[in-house]
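The two complexes that follow have chain A in common; it is paired with chain B in the first and with chain C in the second.
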Partner chain A sequence: MPIVTRPDFLPGLPKWSRKTLFALALFGICFAFAFPVLWLILTSLRPESGVYYVHRGTEFTLSSFAEVLSDERIVHAFINSALISTLATFFSLLVTVSSGYMLSRFTGPASRIWFGTIYVFRCVPYISWVLPLYFVTQSWGLYDTYTGLLLPHVAVHICFFSWLMKGFFDGIDPSMEYAAMIDGCTRWGAFIRVALPSALPAISALAVLCWLFTWNEFLFALILTGNHVPMITVVMAQFVTEMGLRWNLMAATAVMALAPAFLIALFGQKYVIRGLRI
Partner chain B sequence: MAAISLRKLNKHYGSLFHAVKDVDLEIADKEFVALVGPSGCGKSTTLRMIAGLEDITSGDIRIGDRIVNDLPPRDRDIAMVFQNYALYQHMSVYDNLAFGLRNKKTSEAEIKAAIDRAAGMLGLHELLARKPKQLSGGQQQRVALGRCIVRNPEVFLFDEPLSNLDAKLRAQMRIEIKRLHAAIPTTSVFVTHDQVEAMTLGDRVVIMRDGRVQQVGTPLQVYGKPANKFVAGFIGAPAMNFVTATVRSDGGATTVEAAGLKLSVGDAEARALGAYNGKSVIMGARPEHLALGEGASGLGFDARVEVVEQLGSEILLETRVGSHGITVARVPAETVIARGDQVRISAQPGRLHFFDPDTELPITG
Partner chain C sequence: MFGEQQRFMLFLIAPAALLMLLFQVLPIMIGANASFRNWALYNPKKTWVGLEHYYAVLSDPAFLYVVLPNTFLFMILSVAGALVAGLALALLLNRPFRGQKLVQTILLVPLMVAPVVAAIMIRWIFNDQFGIVNVVLEAIGLEGQPWLVQRWSAFGIILLTDIWLWTPWFTLLLLAGLQSLPKEPFEAAAIDGTTTWRVFRYLTLPMLRSVIVVCVVIRAIDAFRTFDIVWTLTGGGPGRSTELFSLYAYVHAFLNLDLGRGSAAAIIGGLIILVIGVALYRLVDRIAKA
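Moving on to the complex of A and B:
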């Protein structure tokens, strides 16, 4: 017998109509979310002349994709985005995992100060970081370099995701680590050999979130980079020119930029959700 | 050889909470000691301090001939079983058992031999390849026991290891732990809030309350000669009945009286109660020392039955004596009795306990 019984949805209606309503609502919500993506894909497949009439016409072509892929700058931007996302994820995980662990397991002053610090940084509106960061990267000579973009991203990841990581570790029974310490491990050894492997699903989920965060990020990429480190989100926006909008190219680039998120949704979703549930 | 000795052990959490207060305890080599008390009494903290998982504020802990106050857990040569098993979830049962020995750089052949031996004792052979998640609670706890055995440590520590098991399994595991201790006599400290576990497992029982040790003794001592009212009420199930009564000594005979109750006490008790003539005392009587019927002269009283709990093997009778005061008696299961019946109950001679109402210490001659 279930311990919690769920009150029925619209209890006055017969069961079949409740089911129909439910299905309609579900479909409506899915459609609302999927529609822009579908429109984007359609646009990317239309020739330039057809982008304003996506709903009409039967002419489809892959030429926008070909044109985008032949543009060296866009290919460069793709590689850059992937590289920065991967590096930022790697470096931020190194800190985030241990900082989340500290927040979860230790209650001393160091932990409290760290907690307060990332709390304050988290409360600051994201956009207000950008200008100071611009001046800092300028004065340190990091403007428009990989490092100049990587460091702010790592910092943001740490502030935003240490909390998630703390939550994951809160869900892992600490007595496992105590057992390891009694079984011959140091405190660090218990963390590395016992807590970390148990948190692996959560860490993978976090890695995906970090990666997508940087991949999708626009503001830092716009302000902190120039021509040397083009990022895909910025390059995509540059199809808006004085000569007009190149909708088909922008859509083709966007569709390609969607691919990683799409692949994760398709194959990794189960693992991400399982990781987030720990 | 590893006796454990705790001297003036204290634990403060911040300035406000004094969790363990001046605990002195000597545990002999190969002895099985059970720490028991209500939750928050400091028993788990004491155990964790012995394990080295908790810093001590003051005092000394000695294991064998070493003071271990500042030794990390891994250097204390102990093994511990936790309430929620604490198995390494990402490792197979075999690797769980091997973990401690691998840390000691033991050769794989020796590890295998040790695991074989432990698995044989605990019936783990079929489970060795499985992951902890695929095991039932009882199996997981057996693996946790196995993990302790293979290391062959000087001390076993148990932190409420049976609390997460259902009643039947708990009784089985209790026997298993007892058998294990007989087969591999190792100094053991067993923390529990269940007095039945403490009584059945411990060579000696340590009862704690509010961070202080209340009594240390064999199960029979703590049951028969409780050191104070708290111990008297804590040990034994159902708990001892307490009634506030007035002592009346009148020439030769001494009686204790409460509403609806007038019992004559024996000579030894009368001597002990001599100083309390006219004053009130707390009288305690265990349910198993109360019987239906007239019994010994001067020890009977009338009561009205309020609740009849038929257990099959016996009946627990909750009765009202006088205008207030509920008394529980254990009577034979076949007794025909119903709620509202008036019954005569008698106490067994020499089985009454008396406590000072202020100090709650026993009144003895």
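Moving on to the complex of A and C:
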């Protein structure tokens, strides 16, 4: 039994009204957070004729989803987004886990310089390097290709994720690695066989975040791709201007863009929450 | 030449460093070069014009009196709003109640929503003819507003969308911080009969300070470069009244096809945020050591 209880929420009121108020407040907050998404889902289920009066009428249909899925460009964009997100997650982890490990386990000028570099580049606005990156990818023949979109995505994650990864490794006691090295492990052995397995929860958290960030990213895809590698966020933004008033189709596309992110986040939630406890 | 340890360190960071060199350092240098030239998309000569673009941007009234104030106002209000909301929600989730897991999952919903999708949703909700907000307003006898074509209501909606999107991020990090605080000071305060407010003010807040500052720094730098929600919600309009710095650079480079001027704007913005970023970092350092 705990020695002391927490102070009550709004002390002074009778217990039942306190409970009701608390429940109401909770409901209000949850509503504010979920309403836009619920409204979007509702809109996507309405037929073309009912979309302007979402709050009225009871006809529901899946036809908007069928129409969106029959559009080759959108399907293509979904596949591209999924592919790029997965590949970017894989390569980002490969690159940032080791860089974060270096930052955490070594002190001294090399480590400090690397940390400073990462911090400075984290501050640089995306537009300042994606704008000229357009020329770079064009002159290397990478514009509007998978590689030309994938590598900048990996590069953009380096700063933030190395920083997070350093935090994770800081929380792991290095004495196990020293013990392994005394027993004859090389540095690489200690890193791969001892440090990596104990950092697995953090790595899973990063994987979830990285996938979500890439899936949701817009500016890179807007500038670095054209018609060959459409990404779902760009296609949707074009929708707003091209399809103007067909809100049921907009909503259906948006709901489909949300779905994978939701699934990933729902399954990954516990890793993220555990992993972010720096 | 290098010791075994140096070689190990080098190998650990080499792939990351190489990628950054190719895809960040190099483009930034090319951008800096472009900002001194008349680098239009279809002008192969790329004449050197010195500081002309910088002068043009810095003497552009739209940049000085609309874009810069918008960007700073947006950065400050968005970070402050998400911090207050995120802290409140973290405190709420830190006390046990029935259905806590469910509430937590719902509060994390915006974290999964792409900014572009969020902008589309909000656009639909605030649509002037058919949006639910105006429908409700008219139902209770008020007049519907053309939300997205008036400067300050459009700015407010952009701000609200941003706060909605980023509050869960604050909640997550602050909740993690709250749960790792030691229990003893809180038990001592409860035995002494301290009021809730004073516990918050004199115990929770000071103990959370370093987590809060880190969150604020990360978010402030991100808020400065916001692009996607503004682009999808208003495109910088009505007129150019909700343009932020990233949009200004993008519009000049890709819509007006003046890459020199766009690059100059991007470099100016980059320098501004670099100064802010370094100042904020020193602040974190001082607070962490205090």
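To be clear about the criterion, the second predicted complex is superposed on the first by the 249 of 278 C-alpha atoms of A that agree within 3 Å, B and C clash if a C-alpha of one lies under 4 Å from a C-alpha of the other, contacts with A are read in each partner's own complex, and residues count from 1 in each chain.
Heads up, the rule we're going with is that a residue touches a chain if its C-beta (ideal position, glycine included) is under 8 Å from a C-beta of that chain, and two chains touch if they have at least 3 such contacts.
Owing to the predicted nature of the structure, the values given are computational and were not obtained by experimental measurement.
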Partner chain in contact with A:Tyr178 - chain B first, chain C second, else both or neither: first
First (chain B), second (chain C), both or neither touched by A:Asn227: neither
More chain A residues in contact - chain B or chain C: C
First (chain B), second (chain C), both or neither touched by A:Pro125: second
Which of chain B and chain C A:Asn216 touches, first, second, both or neither: second
Touching partner for A:Leu200 - first (chain B), second (chain C), both, neither: first
Touch list for chain B against partner chain A, complex: 51-53, 72-74, 76, 78-80, 82-84, 86-90, 99-100, 103-104, 147, 151
Of chain C, residues touching chain A in the complex: 4-6, 8-9, 11-13, 15-17, 19-20, 22-24, 26-28, 30-31, 34, 89, 92, 95, 97, 99, 103, 105-118, 120-125, 127, 129-130, 132, 135, 164, 168, 172-173, 175-176, 179-180, 187, 190-191, 195-196, 199, 218, 221, 224-225, 227-228, 231-232, 245-246, 249-250, 253-254, 259, 262-263, 266-267, 269-270, 273-274, 276-278, 281
Residue ranges of chain A touching chain C (in the complex, touch as defined): 3-7, 9, 11, 22, 26, 29-30, 32-34, 36-37, 39-40, 43, 51-55, 94-96, 98-99, 101-102, 106, 110-111, 114, 117, 119-133, 135-136, 151-152, 154-155, 158, 160, 162, 187-188, 191, 212, 215-216, 218-219, 223, 233, 236-237, 239-240, 247, 250-251, 254, 257-258, 261-262, 264-266, 269, 272-273, 276-278
Residue ranges of chain A touching chain B (in the complex, touch as defined): 173, 175-176, 178-186, 194, 197-198, 200
